[in-house]
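Chains here go by letter, A, B, C and D, matching the order in which they are written, and residues are numbered from 1 within each.
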């Protein structure tokens, strides 16, 4: 039979099932095939909070969402167009976010009485008419998979049961015309050692595909053209964690300095520790410290030794690092502190995202202790942020805080890989012995940075510490004027970084009266929201801050150029307070503190509410 | 940067040390700021005196210290030094050791710095066997903050923070270090320059973490805490000097000794009564750490017969930087890391 | 508020406990959220089963836990409970014990929670002998954070944070506790409900800090870590059950035992060869803690013959609130405190 | 011979000598005599930073300053009128702060060649004419004291040497007509056990007095009338530490709850630990914790048990308590955290004062974790602040941060002792079991406070923790809307405290265009500076903020009422930033970061600079 093929500009697919159903695998395979096809894309996994919640329960649902399109993509998408539901719990957990009219592909075999109850349904949603608003496709995936696998030599029924995610993958691959070879090759080599299992999976995958091709259940196939407005270059798909780790390694190479990541495990920051521990052959080493305080101390110790000291954590761990970061401020040694923000306060919601550590990063230490703060805004941007953090730390001999978040760390997008040559050079500029003028550990260069004199250098022996130091000599000093001066110098040094901070660039026509200003992971949602508002004829501008301290030099001017400034944040208005205090501009906040990323639709709504003088 | 692959602290790695180093080469220009008569002076002088023996040039020696009177030590050594924050010196030094195994790294800490706020870092540095020489100045009091109780202050001691006397049972630093799997544990005394040097020497030669508890007198807030071991009249009868391979004897003429009771516990005996062959022979290298541990608990307080010397000295691979080569790779290598096969090109 | 002056944990202080408490009285309404097959289930059930024995009503029992899979324990007990922050449970519980000696306070912690980030609080709680019953769930892995190495992970173990294998020598929790001057130290196993109950009983009766290491299987990230002590075929030959006053024998028919070598170290012997009288008689109350310490180090890993039971159980005054009466004073007393003689009046 | 007696409204005397010279004792005795006389007064000790620096060196100088007057006093005084210098170092260290024309009383015996060099002088300042600008009195105190003591049975020459501080005290007592009996009685009972020593001291004291009476060296005696504008009441002399400890004890009595102070020693906060450890017979207990984290945890444990949990520290320790304070925010349990601010960053200058922990107190925790912040402004005010902190903590089930500083903690002033009856009642309002409706741990009262259900209460067993909690039930919840709601509730609860915060009261006439707004220990200096400016005809108003979070409800109105607002702070403008951000008012800062208190003269200068539209 022939099937109609419909064109789509963008599609959002969400694979959802029990933690045991292999949805993350189905999702990543679909992603690779999509990338290979040249669509632009963005993905977001969503794991259950429990290590392993009881099978079939809502708490055990695991999902993977992919947004792909023929034009540049800004977010993993808000609402899915298609939901693959491998069991009742998966359906129930994800239905709230499904817009009416969307398609549901359900594995009806899994809708047993027991599972339906476990999910908290009184009746079978596939039959009680509660889904009439959606395009429901009921498919006995388990049965079909088992049948497809039966033929395979030495494949157990267990293997068959396990392969139904590949059936789903095959089916979706057909629906959206994804290439099959990519996936089959992957299966072959993944299970190379177990040919039977490999075979079983290939069969399941093929079965899914031909099911779409042949049955009448599905009549439409969709086509999403390859993205054309993507700038040329070589791309790979990375999430924020991966990109950040590569940025750090790149900084190590470009500075010629080995890098030590000392970290204490914590969700979601642990991933960076796992990632960097795997790098062999590069001058990257890792230590799992006894706690976050020790981790920060170890990074600082490495910095004292002339290497790149990095420590990574999330909220609770940041509290614990404060004292050591303060010491680094006094010692004026380079050091990078990564905070992958999560929902707080306290233990909060460890697997959920938030942006509520901004003011802590800037003010969360006793005494006057200024620290540069950088925040990437896209997964790929984490590469640049990591590289930049190291560069600034070394150039200014200062600890630098990098604020990522759960959403950035785990969502992925195609990232244009930079040529090594494109990357800035980083000059450690270690102090060298000069005959007849002894080292002045707290003398300063034109950037107000002090000498980095590392152990092993003959003649430069010196002592530094957390007590206030006399300018130049670095000797302990309780002198009043000196303390004022040193406080001044430390502040001026950090403030001076703004000379190197790229100016804030505004996207929007001169008629725009409203500026939407964001920071961190909300960039995609903000740009998408702005685009949608514009498509409705609303004049609106947007800009995104990547350097939170110091702020870009032109920030004040930009703010004062607009009648209204809207700052969407996943907190109660932290950047807003800062901007108001610094520039006395009546910034308005859109605050979302739900442990979820900001969605384009929400930004769009907020913009429209303010369009033609709406009161917001 | 990390060229030598030996333990920077071991004399044999002496690369390019000027022939003749002297004590003066290790004295900084800073005026010492301890109270008159403080035991810290004696230790400082003994350490500066000993340093040349290492045969390591001052620029490859680092002192990382915590906060406290003891913590000021760093300022007085003409080596590289960091006066860190309270209790964290072992962690900071671990980061340095992890990245620079060409250095000889020394930690100076106090009983409060090491055992109160810094307890966790100390036990982990010992467990990991990080090549650090840790000098724990135990004056059984908080000096810098002017006289509060420390985790080694004896029961009943009246201090600013315990006006009705210390109620908490103190730590036995040697026992705690052994409990933390330390490979080198020793005790010495500020006033015994010879014994101190001997212990420093052994520690420097140990490839791994070495903890040295130094009984240090604080004349201002806890004077004479160790007089039983330092006073003319008393020291001979109270110092139990542990020597590897030798039966444990002490007293002016070695008239007393340590033997095992029927149940294997240690007890003090008159050699005349039991004969030397009945004495326990000290073995810091024994596989079973039980003996060292029992010796540590022979005296809960240094008010009577108290062992000094090396309690334990065993070999275990020292902490090294995690996997990963030492020198940053070439740009091609980086290129290969960035451009993976699954990458695709858009023209 | 603090009426009883005994240790809330001791049965004899049982004031107004309903005659018949049952396991159900200690089960909260929260759905347990551990992985299928997790050892935590067995421990939870054993503890709930044991609680009625205490003869203390649920409202006078408090569970303070750290963060980790083990930390969730508090939610499942129908007592008062606080799920604190990572590693700090012993400190929080100390504050509670200092102010409420009418309560029975239990701490539940993991190997990472207690020995990595929380190491300092643990050793100080033990040193102070705070009347807490500390259950250390040792699964030799970080469970909640999905599989990193812990301070008890064995050398070479490949985990998410140690892809090339653990390089750091692990802690011996029993040894560390002894090094921290603990007065009650024991080890038991999740799957041995009887032995577990026995140890809980002894700990509850101990007037002071009790540390119980519980070997707990984590089927997801570190399965079968203790199979040598739990598997049918192996347990009989590997479990060395310590019993006070009894010669230490083990093996299916007690054919093996522990004896001292010439130098006093412990060694495993065939009873047939040496005779029972040559065996070491276990004495958890010995003044010299050396034996307990040696026993703790008999097995560095639970892969072969490993002692379980009570290593040490000695009396030492338990931590009590600092000086200061219990009930707030009268307003007159306050008046006298405010209006001192050196006060002057201006009309 | 007869001597003239001159009237003085206010006098500032500074006793300075070597740490060993007993200056603190001389100062406190002089203070008691002055208090007995009914002068108003304020004092400030100044210890050397070193535990015991080498005798005779600048680092070893110890001083004690007292400001007394016949009208109400606001500060310990800026510049002394009289400097007692017991040795060359004391002279050298204090001369810079001595205004020309002031009197110097020097112990010439101590100006030996050795001491003169130790102090870093090339020549003897008493002889080289370098002091011509001052009224110099050279007195051989050592000799005179020895002579006076010779007579005493069994008094050693050592005792004599030790007694010269009492000679100085006697002399100054004569100069300012302080009563002698008070001092003599004190000596008698202090050294009651050693009559010889007592005698020696009395003799030295008498000798000093009669030296003034008889010799011609000193011709003027000064008289400072008893203060008349001091409100009636019973007074005692207290420093901030003492007052704070009394406030906490009072709160324990008025709430009927025992109090636990868990603290880890740190300068200058240790004093509170020492102070409270001494209280027997009151339900106050103390623990010296192993570190600041444990101290905070112990206080929280006590709070969970239904008692008043307090922990006290300074800067570096505050960093370490952040995570536990965050837990207290999530648990919503009462707890008081005292931060005696000192000069930072890092170890900084431990013995010097600063106000630079304000923004850390408000923002220094990860996640959205609002906490009330209170700051006393006078030594006596520490009593009220301590009491108020406990009251708010209990009423709102929240941790409260109390920001004191080194200056407040150590300076003293007469404090009007409140009648116990004047003190507010504090009702713990513990939850009680209610039949048929089970406890809802996170239900809320009209103040949004949750029930405080303490262990030991039958039927109220419940579990709380740092994971986000479902409203009312307190069960663990990852629900998006619930997290938003709980974040909202926690913020609203703290913000709601403003209902009970007394409105900001402005001191100044309606013509004033400039408002000087301060917080913390600078109140005295600000009021004095304002007074001086007014005496010069400048119209200026002032106000002082004691509740930093939430701010008094009328803060915005007060700010907008004035043309200009000047905020003097011992930091780089932390309160200023907060006020600008919250109220968009162009607040101006006077920042002093020298480890010293703000002086009245500085405030005066800043006001005058802004008078009649000066640009400041």
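Methods note: contacts are C-beta pairs under 8 Å (C-beta built on N, C-alpha and C of every residue); 3 or more make two chains touch, one makes a residue touch a chain.
Because the structure is predicted, anything quoted here is derived from the model rather than measured.
**Student:** For the pairs A-C and A-B, output the one whose chains share more C-beta pairs in contact.
**Tutor:** Ranking A-C and A-B by C-beta contacts puts A-B first.
**Student:** Assuming a repeat means more than half of the contact pairs shared by residue number, which candidate in C-D, A-B or A-C repeats B-D?
**Tutor:** Within C-D, A-B or A-C, the interface duplicating B-D belongs to A-C.
**Student:** Can you give the whole-Å distance between the Cα centres of subunit A and subunit C?
**Tutor:** Each chain reduced to its C-alpha mean, subunit A and subunit C end up 40 Å apart.
**Student:** Centre to centre, by mean C-alpha position, how many angstrom separate subunit C and subunit D?
**Tutor:** The separation of the two C-alpha centroids amounts to 44 Å.
**Student:** Taking each chain's centre as the mean position of its Cα atoms, how many Å separate subunit B from subunit C?
**Tutor:** 30
**Student:** Please output the residue numbers of subunit B that touch at least 2 other chains, ranges allowed.
**Tutor:** 67, 85, 116-117, 119-120, 124, 151, 164, 322-323 - these are the residues of subunit B that touch more than one other chain.
**Student:** Got the subunit D residues that touch at least 2 other chains?
**Tutor:** Touching at least two other chains: 277, 280, 286, 290-291, 316, 323, 327, 331, 346-347, 465-467.
**Student:** Note which residues of subunit B are touching subunit A in the complex, please.
**Tutor:** Touch list, subunit B to subunit A: 1-2, 28, 30, 57-60, 62, 64, 67, 74-75, 77-85, 88, 91-100, 102-103, 120-121, 124, 321-331, 333-335, 337-340, 342-347.
**Student:** What residues on subunit C touch subunit A, complex-wise?
**Tutor:** 31, 33-36, 67, 69, 85-87, 116-117, 119, 142-146, 148-149, 151, 160-164, 220
**Student:** Which residues of subunit A touch subunit C in the complex?
**Tutor:** Checking each residue of subunit A against subunit C gives 50-55, 59, 264-267, 270, 273-274, 277-278, 280, 286, 288, 290-292, 316, 346-347.
**Student:** Give every residue of subunit A touching subunit B within the complex, in rising order.
**Tutor:** 32, 35-36, 38, 227, 230-237, 246, 249-250, 252-253, 255-258, 260, 262, 277, 279-287, 289-291, 293-294, 297-302, 304-307, 309, 323-324, 327, 331, 417-421, 454-467, 475-476
**Student:** For the complex, give me every residue of subunit B touching subunit C.
**Tutor:** 116-120, 123-124, 127-129, 151, 164, 167-172, 175-181, 260, 263-266, 280-281, 283, 286-291, 293-294, 297, 316, 319-320, 322-323
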